[in-house]
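Going by the order they are written in, the chains are A, B and C; count residues from 1 in each one.
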Amino acid sequence: MEVSLAELAALVGGQLEAPAERRVSGLKGLEEAGPGDLAFLANPRYARLLPQCRAGAVLVKPDQPVPEGLPVIRVADPYLAFAKVLTFATAKPHQALGVHPRALVEEGASLGAEVSVHALAYVGAGAVLGDRVVLHPQVYVGPGVTIGADTVLHPGVVVYHGCRIGQRCIIHAGTVIGADGYGFAPDGDRHFKIPQVGVVQIDDDVELGALNTIDRAATARTWIQSGVKTDDHVHIAHNCVVGENTLLVAQVGVSGSTKVGRNVIMAGQAGSSGHLTIGDRAVIGPQSGLAKDVAPGATVTGTPAMPHQLWLRTRKLIERLPELFDRVRNLEKARDQQ
Amino acid sequence: MEVSLAELAALVGGQLEAPAERRVSGLKGLEEAGPGDLAFLANPRYARLLPQCRAGAVLVKPDQPVPEGLPVIRVADPYLAFAKVLTFATAKPHQALGVHPRALVEEGASLGAEVSVHALAYVGAGAVLGDRVVLHPQVYVGPGVTIGADTVLHPGVVVYHGCRIGQRCIIHAGTVIGADGYGFAPDGDRHFKIPQVGVVQIDDDVELGALNTIDRAATARTWIQSGVKTDDHVHIAHNCVVGENTLLVAQVGVSGSTKVGRNVIMAGQAGSSGHLTIGDRAVIGPQSGLAKDVAPGATVTGTPAMPHQLWLRTRKLIERLPELFDRVRNLEKARDQQ
Amino acid sequence: MEVSLAELAALVGGQLEAPAERRVSGLKGLEEAGPGDLAFLANPRYARLLPQCRAGAVLVKPDQPVPEGLPVIRVADPYLAFAKVLTFATAKPHQALGVHPRALVEEGASLGAEVSVHALAYVGAGAVLGDRVVLHPQVYVGPGVTIGADTVLHPGVVVYHGCRIGQRCIIHAGTVIGADGYGFAPDGDRHFKIPQVGVVQIDDDVELGALNTIDRAATARTWIQSGVKTDDHVHIAHNCVVGENTLLVAQVGVSGSTKVGRNVIMAGQAGSSGHLTIGDRAVIGPQSGLAKDVAPGATVTGTPAMPHQLWLRTRKLIERLPELFDRVRNLEKARDQQ
């Protein structure tokens, strides 16, 4: 990156209070930045560093007092602005490799413009890859799979037949999309497999961490809506719906047919029973276990989950149970001596 | 599928009360089904839909009252029967691909009749594949592995050297069978690796979900018995035995040398300590943690696990701990004022 | 293996009380061992088996009383000594395959002496493999990755660009090293991806189980120090440090920027919040959830974690909550009747 402050201000939608033509090429902390670097101030605690700051420009909030002469770009969210500049600075131009001779693309697959199908990747018959799709080595794209433009599948990702992935998605290594949902009918002592004839549909701008499993539906679809971001080792069972922009942290598991709302957060190792509804903007604490629906906007924790504030109080009281048993015994002694 | 009602009745072992030669070709819900479709009634709640039902035939229980003239097939378990028909309808004839030229089969491997070894799969020296085995792309079958007839390994499955898999098994993508068990001997501050010289043995009719790990034994075998079905992300440590027809739901972990009985259910995210015995037909609740043996037929929940009914009571009482502390304080005040 | 007792005594650093030139070729239990086998006695409970023991030699502790004439090798830790002999007996000489013609090594990769790059493995541009590195089939080594001498990557392991792995490491199948850390900045209802421009550094003598995820750092490095051993399904988030010789058991998850000390044990399914410090030699019980720092040497359990002894007491009292509520109700009745 080497870019003028005017260009940076335009990139982040900020107001420039610095020489428009000055150029910076690095991103550094407030203390390390020199005249050729951009820095940012998000946490007001670090405002004390501004007087000594030598940065070429600093991203600050609109109302941030700054020393006279300090070059700044004022922007509503300096941290977000910094992330946008970092993305700009580290972006690499798309390089279309085409289909590597050591990849295997079956007859009848359809490839968009400027795709990259790396060595040892596999694309099944009838699959459709949008423009600029990148399949890293050892990716498996099954027959009839559809992948939208600008989506990247990292090494070893597996997408079973017939599943659909949107545009601008990022799927990290080893994630498995569309394996059979876990469905069996009792047949005496044995278990008879219910064919899983649905698919997985993943909408646009979804990022899935490494080693996720998103199971195909029994019928119809398991549906991951746009903007969802998952961490590693996340499991979504058959026929679930995960609403827009929801965050599922590492090792979360969601059982079958549960509907997770929009902008929900499920913290690490949390789990949900099947056939539940988790309302929009709910927050589920780490390791929590959901046995019933969660209201929109609620924050719950524990197994089974309870309101977070109640959980905090009960956790402290559990540690005091030995004391409570002693106190009750003392009360009983006093009663018995009367 | 296009099949006569007589053939369907034979398939599900049911009693036909409809024209034997009538043919159906679809499977639909009671409300959507038309004269060319089969429907089923498992939950009596939906019996109210029967009068309007236009299906070519309906699978119902032996004692289900039905409107006069409604064509039915009476069968002990209509849901199971429906699953069998769905399986019949969606089954695809086995297509033997042989060994794809882009697969790699080492010298000295032995392949049964009509196998399919897809592109980019690997079969080690001395491996033995039974008839009609299917290895999807990017599967790894190590040296000396044995795989029984009609077993399917989905993309990216890894089977380490010397492990044995039975007939008619389904192993979903990315599952790892036979990695070293987690065994170390303390050597001062460091950990000395104990060689894991055993294997994994998987019997017939086992289905393993995606991204499971079944570790090889320190010596002898880790043993998954016939009919076991696991969900995704399940971990079975070295030297465990998992009994026939047991169900292990997603993200379950079983520590080393534990013996899980037959027809056990371990619900999602449950875990077991090592060297335990879990009796036949026990049910372990979600997220439970086992620290001691579980009796046959017991239903337990919690960490550490307790009888499920006790768990339900204590969970409600935990939510009332703030109230209980208040009540004890009031009692103490009353005592002190005497 | 066929080896003299003198050689074995030297191998384990033990004191020989048996004919130096006697040769053994097997390793067996005290009861099964014959004159050509080595056995060991670690647990004093089994000393009763010594009089009937027919082994060619027995590994025993320095102060172990033994029947007259029983050939023994005395050593401080007979179990560790047995593990060392077993390792010696099962070790296979390194066989350098070179680069298999069906592997893909990009231009500009650098390979040490006697490497084995198996069929269908991928090595990116600028990667550096040390001497005797083994890449099993379907391994992915990204551009610029460095792998130290004698390290083995099992099938399907993925190492993203720029990560560094030390010497004598063992990485089991399907493990993903260097996927993006889970970092997003809020952007209205949506989540803006923070580029993860750091790497993963893994030091020497680390063993990672199957299907682990070690995420790359936002900046700088996620750092797994020497001698760490992980079980399967372990998740280490971005910017964590895991100290030397620490043990992470199956399905453990460590959130971002947490520092785990040396010789820590985190038992199965335990999890830690982010930005914590877990002191050296701490022990974290199974399924525990850490919400704050853990002191060096502490043993904690529960969610949130408490001292293990307190946890044991409170767990028993939780089961007695129904009784406690009854007792308090009785006290209240007595008070009200006064």
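Everything below uses one rule, namely that a residue touches a chain if its C-beta (ideal position, glycine included) is under 8 Å from a C-beta of that chain, and two chains touch if they have at least 3 such contacts.
Keep in mind the model is a prediction, meaning the values are calculated, not measured.
> From chain A, count the fewest steps through touching chains until chain C is reached.
1
> Rounding to the nearest 5 degrees, give the angle of the rotation that lays the CA atoms of chain B over those of chain C.
Roughly 120 degrees of rotation.
> Over half of the interface residue numbers used by both chain A and chain B, so same, or under half, so different?
Different-residue interface.
> Could you work out how far the Cα centre of chain A sits from that of chain B, in whole Å?
Result: the chain centres lie 28 Å from each other.
> Mind pulling the residue numbers of chain A that touch at least two other chains?
120, 138, 156, 174, 211, 233, 251, 269, 287, 318, 324, 328, 331
> What residues on chain A touch chain C, complex-wise?
77, 79-80, 83-84, 86-87, 90, 102, 118-120, 136-138, 154-156, 170, 172-174, 205, 207, 209-211, 227, 229, 231-233, 244-245, 247, 249-251, 262-263, 268-269, 286-287, 315, 318-319, 321-322, 324-325, 328, 331-332, 335
> Quick one: which bits of chain B touch chain C in the complex? Just the residue numbers, please.
104, 120, 122, 138, 140, 142, 156, 158, 160, 174, 176, 179-180, 182, 184-187, 189-195, 197, 211, 213, 215, 233, 235, 237, 251, 253, 255, 269, 271, 273, 287, 289, 303-304, 306, 310, 313-314, 317-318, 320, 324, 327-328, 331, 334
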